[in-house]
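We call the chains A, B, C and D, going by the order they appear; numbering starts again at 1 in every chain.
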Amino acid sequence: MAENQRILVCAGTGCASSGALPIIDILIDEIKRQGLEETVSVVGTGCQGFCEKGPTLVIEPQQILYTRVKGEDVAEIIEQELVKGERVERLLLVDQETQKPVSSMADINFFAKQHRIVLHNCGVIDPKKIEDYTAREGYKAIEKALKEMSPEDALEEVKKSGLRGRGGAGFPTGLKWGFCRATPSDKKYIICNADEGDPGAFMDRSVLEGDPHSVIEGMLIGAYAIGADEGYIYCRAEYPLAIKHLGIAIKQAEEAGYLGDNILGSGFNFHLKVFEGAGAFVCGEETALMASIEGKRGMPRVRPPFPAVSGLWGKPTNVNNVETWSNVPHILRKGAEWYTQFGTEKSKGTKIFALTGKVNNTGLVEVPMGTTLREIIFDIGDGIQGGKKFKAVQIGGPSGGCLPEDMLDLAVDYDTLTQAGAMVGSGGLVIMDETTCMVDIARYFLNFTKKESCGKCTPCREGTTRMYEILDRITKGEGKEEDLDTLENLALTIKETSLCALGQSAPNPILATLKYFRHEYEAHIRDHKCPAHNCSALLSYTIDAEKCKMCSLCAKNCPVNCITGDKKTNTPYVIDEDKCIKCGTCMDKCKFGAVTRA
Amino acid sequence: MEWLTLTIDGREVSVPKGSTVLDACRMNNIPIPTLCHAPELTSAGACRLCVVQIEGMRNLPPSCVTQAAQGMKVETQNPKVRSARKTILELLVANHPLDCMTCQKMGDCSLAEYAYEYGVTGEVYHGAKRDLPIDNGNPFILRDPNKCILCGKCIRACSEIQGKSILDFSFRGFDTQVGPAFNLPYNESDCDFCGSCVSVCPVGALVEKKMVGKGRPWEVSKVQTTCPFCGVGCNFDLNVKDGKVIGVTSNPDAPVNGKALCVKGRFGMDMIYSENRVTTPLIRKDGVLVPAEWDEALDLIASKLGEIKNTYGPNSIGALSSAHCTNEENYLMQKFMRAVIGTNNVDHCART
Amino acid sequence: MGGACCCENLVDPKQIELDEIINKHKYDNGPLIPILQGAQEVYGYLPAHVIKHISKAIRIPVARIYGVVTFYAQFRLTPVGRNLINICLGTACHVRGGAKIVETIEKELKIKDGATTEDGRFTLEVIACIGACGLAPVISINNEVHGRLSPDKIAGILAKYE
Amino acid sequence: MAGLATSFGSGAMTNSINEIPNTKVMFVIGSNATEAHPVIGTKMKQALAKGAKLIVADPREINLAECSDIWMRLRPGTDIPLINGIMNIIIANGWEDRAFIEERTEGFEKLRESVQKFPPEVVSKITGVPVEQLVEAARIYATAECAEIFYTLGITEHTCGTDNVMSLANLAMLTGNIGKESSGVNPLRGQNNVQGACDMGALPNVYTGYQSVTNPEARAKFEEAWGVSLDPNPGFMIPDMFDAAVSKNLRALYVLGEDPVITDADANHVRKGLQALDFLVVQEIFMSETAKLADVVLPGASYAEKTGTFTNTERRVQMVNQAIKPIGNARIDGDIICDLATRMGYPFVYSSSAEVMEEIAKLTPSFAGITHERLGTQGLQWPVPNSEHPGTKFLHEGKFTRGKGVFVPIEHQLPGEQPDEEYPLLLSTGRKLSLYNVFTQSSEALVSHSPEELAEVNPLDGKKLGLEDGEVVKVASRRGELETKIKLTERVPEGMVFMTLHYDEAPTNVLTNGAYDKVTKTYEYKVCGIKISKLNK
């Protein structure tokens, strides 16, 4: 039995949704019952990244990962692992290749292939304790900056690191800070953009939940370098846990003298507030975000003037996102030279991706820039669920695009992705298989952007709706041959004439799918078929009376009760097409292959 | 003043520093279509109709909010620019009623004018259209939100000219609307009916209710004059058709008020045709006022005043001049009293 | 009549709470959104009289506040049902069949996105991402997450909420 | 205007309307600009949007009070102690502009002495305005880079109207907030051409351009131009005229475009005077209450039917251009006067109103450079001393018209009539936005928007008297009574009732006091005692 063991239970939003929180309580009770409280401690951490397998917990120092843990498993884990020093095999991860349980995190591809800089503390420390953060070199970077570096030095270091904005466009961070620093003003602001709105991206949330102090420290350094004394963290109200942890962290940092006036006796002042966003994707755009803090409709405004010249309340303002800020303390502590060893020539460091969709290991992964899509999806992500065939990966959310299989060896960085018609964006990677319809995906994203368009400029307001309508008609089999030209023309106009990045990138999902999957559009239009068997209007389900054993399973499971039949009267089971919502449940449930889809 | 030289459509032009590309074009008579731009309001850069191509800039920047710069090369009419503008107009028309024949704004509608110029058909896009109730509940302004193109000028006029902010955008995206709070009718809001919103609306979404059906823009002549309703001295244009005043419209060159007016100035002109007008001289006969000819009335007054002056002296006659009449008339009145009657007994009601 | 009446001094505890929220933020830069968020906490939604009261207190025109309220998804102008269903339609949920879940629930409750059932039992809201992508497709009812769903599971889950 | 004329040497708005948006501080006293001068109200709002501070002194919670930084809800008729109190605070804190006082003014010592009697606590007691508000208002106004004072009838329509105005002039000079761009004292003229009627000498004591009838040189000039000898003594002012009519010293009256029965205070007295006349001529566009008493009614023309000029409150002379022919058998007023003069043996021969303006310009130094042609679409602000002069944007730059500005110490006086036991409520009168005097009653659109008088009564008074919102009540003063609908609202303070003067059905001026200011003889419309009683049904 090892001395001083720690049990790290993931309490991020994903695992909490899977029931992690009661497990912490049960663990504590059980440890007490076993009299182990002197040597074993339980820590509720932020996201450990492996959402698919949640709730997860890690035993330290052995680095043993348990997955899909339930309350009733706790006693067994403690008995086996902590008392006897043996594994509970059924709760270990099974390697898809070898089909053997893997116990050590070092042997799990999901973790082994990552390189964690920003996520360095996530899942390892208790985010509610500043001492956990300081114990892992936390706030050393700002101390170093205040004691050993001038603001210019700090700025120079960030410039040299080659760090680029992780929010999407990849603008060089040091350069951006420099603009704001160069604008003379009695007051400057810095803002952390934590309005992570891309559906399918949750890295910022995980960092805020799991390591809030790293963001605060990054902002402190930025404020020092730029000459700002007030900051905001604009966080979505949909992230209650992140807001809570930020609140605790700010209070602790104030008490510890890292925030407030005359920080660490240096004469440098910095005050930080959390602003809860009220639910608008467009507020991820920096001018809309500032309008929102000012209490207005979150409508972007024309740039220039850029925020570095005239931002929040007309003062010079610098906005970076969570992941960007969180990189900064590491850069300052370990130096730009250390940082530049990661990544590609023009994209330095690492990037966090939210790996979701039809992939085996969904979760949060941090890899050096330049890692190929294939490595991320097949090594870390462990390939496609259910042995299906990979079709495409959607990168960068509603602003990004879908890339097909032959681009899997693309090394991911800002420039290569943009060239390929996608973008890094916030870093959502949604994996699609043969059952995903690419027209439907484009329609899905346009439905999203049309709802989230602020309505200010004509092309985005009117155009996204028209593009959606055309796509919707195509998925219903009502498309016309000329629709593709209309779509393409409209998409290009919207791209070139919209006011902000939301509109300018809204057509990307269409342009990329048209580029790589045009045949799917044509199949919908010409043959009235959805090759992925996804678009319900183009599907019909029928029951093959010969194969049907009248078990009634389909009828019982039908959510809309549209299947009738009776074994007693020998009435065959049939599907009422008018009522059917084409959910496919009957087909999934049928054990005899009697339900067919056409 | 510092001057910049730039090239627009291959032509070299010089403009003062601080001009926008749109300013530069307009100063040089280069036509640029705009819907959300108004010189007296802040720029929103929202309608995107004024996009141009500028060498070295990505996308098509809107000229109304792009600062002119030394050496800039601008193209305002190339096929790419025109095609983008046409698409934007098609999008607007696709969500706009096509009842132009009966629309009060016909002949003065910017959307119609540009749609015509760019060969817009209205047949490219089919789909959802707004279907909102028409606001007809007040005597002054007729508001048809279905015709609104969301340029936001009325909102800015209400806030920047009038300082009221009765109007604002609500909802977002395709569902965006403009209206008073809770999208109530005007008369249930705090609106003062200054009509500034009407004066800037480029389409038929906001029109002067009293002018509906009274005349088309090309039939109307405009006469600039000074408002008679208070001491501010706003100027506006009386709209005259067939010798009849049919309404009032703002005159952007009005020295005191620009396009701003108040409810009285903009909507009170119908008092000219009030049934209460006296339209013929009246003389009291047997205690009753009865119509008379001018000669009879004026001779009567001349002889009566002469008589009283002779009997009781000039100071037994007085006059109240008018703060409503013109300077020239006031001058004539006091001259009449002083030089003709021979008294200083002339005053007017409000000397303060 | 709502809270606009000035004749009788009936003290409404919610009104007191609202005034406390207003006074807390009144002198901040950009007080509107925090005040609206606080007011919605108190009332469960934003009744017209509350918006007018806020307008007067912080001197922001009612139309502007209405514009803000209708812009952001978080704010409601009507009361919410006893149970709030959030259906996630993040990308991960979409590719794993989220749309079918929406369709099933809409059919089951006979209401559309944003509406409340006539009996006030459920309010339905489709949202962009709950952030439980690993469990896709997911819904949350009163912040309780139900993951790895399929249409046939819906009726059973809804039955648990009164 | 007499007040400003005494202090500065000329009486008119010292700034231009378009300077308002650039001012830093606005002190609005007794002026409901957003309703009475709506477009000036909008300019004030524009200044606010640019960050200007707004101080409002008004018993009513007018719209400007709602957007002010400081709203001093003073008791009606206590303007002088309020201003004296503010000046006391300014001097006590050393916020006065010493250099300005030294260079540009005289009489400061006397002023300093007189305001000693108005310490903040005493002023607070008299006015009902808290001391902190007085101090803050004094600080904001006195320390402003530029500041404009605005007032209208709320200041002048008192028995002490002239003193009120001089008080404001004192305040502006004390702080140096005068004679600069966006800085000055600005009376907002009520009617469209009050300024012009004054400028044109429609006053019993002056010819055009305020040239005194008692000044032999001026008189000689006019005698020469007009070819007659002129009376060297000032004539009757309005209130004198009605008294004189009753005493038969005045036999005939020629009323041009006015309706004194409705608009003048103590309407019953006015009516009595008019009825006592031997001969009454009314030249009007509407069948007014006064016209109904006339022996001869002459139909004049509306603004749309004539060409001429109006002079607005910022001294801008602007063109009125004929758009249509006079309605029916009506004639242009100027033509009528000319015709009458000619019939009385003194031919008035002018080919156009432009020619009349040429004569005015010849006789009036401040109009010397004005012609209709020059006025064009932009007008000119007098003084325009010659044909090249661009007009005068703001007055008193570098030097007051009279040389040095003079401080005139002002003592507090009570209004002519105060509420008492019998008439316990105080009536104040004013305008409504959509209506304007009696003129707009003939606009169907405007009337339908604002169809009836709604006397504003404080809910506490309503409760005391058992009145319901919207009830029709009887309102009575010592001079008369009327019926009106009421509106219970906290816009008026307890004890005060507010009514407009727009409606024939509720002719408010039967109630008001015929007492007037000792210098200008302006009626005290703003304060009188009334009582409200329920109607017996």
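The working rule: contacts are C-beta pairs under 8 Å (C-beta built on N, C-alpha and C of every residue); 3 or more make two chains touch, one makes a residue touch a chain.
All values derive from a computational prediction rather than experimental measurement.
Asks: Report the pair of chains linked by the most C-beta pairs in contact.
Replies: B-D
Asks: Measuring centre to centre, with centres taken as mean CA positions, what chain is farthest from subunit C?
Replies: Taking each chain's C-alpha mean as its centre, the farthest from subunit C is D.
Asks: In angstrom, rounded to a whole number, how far apart do the mean CA points of subunit A and subunit C lie?
Replies: 24
Asks: If you average the CA atoms of subunit B and of subunit D, how many Å lie between those two points?
Replies: A distance of 28 Å separates the two centres.
Asks: Could you grab the centroid distance between subunit A and subunit D? Build each centroid from C-alpha atoms only and quote it in angstrom.
Replies: Subunit A and subunit D have C-alpha centres separated by 68 Å.
Asks: What whole-number Å value describes the gap between the mean CA coordinates of subunit C and subunit D?
Replies: The answer is 54 Å.
Asks: Hey, what residues on subunit C touch two or more of the other chains?
Replies: Answer for subunit C, listing residues that touch two or more other chains: 64, 67, 71.
Asks: Using the touch definition from the top, which residues of subunit B touch two or more other chains?
Replies: Counting only residues that touch two or more other chains, subunit B contributes 164, 168-169, 171-172.
Asks: Would you pull the subunit B residues touching subunit A in the complex into a rising list?
Replies: 43-49, 51, 59-60, 62, 65, 67, 83-84, 87-88, 91-92, 94-95, 124-128, 149-150, 152, 168-169, 171-176
Asks: Could you list, by residue number, the parts of subunit C that touch subunit A in their complex?
Replies: Subunit C reaches subunit A through residues 29-34, 36-37, 60, 64, 67-68, 71-75, 89-97, 100, 103-104, 107-108, 127-136, 138, 140, 145, 147, 150-152, 154-155.
Asks: Would you tell me which residues of subunit B are touching subunit D in their complex?
Replies: Those residues of subunit B that touch subunit D are 138-140, 159-164, 187, 192-194, 210, 223-235, 238, 240, 243-245, 251, 253, 255-257, 260-264, 267-274, 276-284, 289, 294, 297-302, 304-306, 308, 311-312, 314-340, 342-352.
Asks: Mind listing the subunit A positions that touch subunit B in their complex?
Replies: Listed in rising order, the residues of subunit A that touch subunit B are 280, 297, 299, 301-302, 304, 450-459, 461-466, 469, 486, 489-490, 493, 495-499, 504.
Asks: Provide the residue numbers of subunit C that touch subunit B in the complex, in ascending order.
Replies: Touching subunit B: residues 48, 51, 61-67, 70-71 of subunit C.
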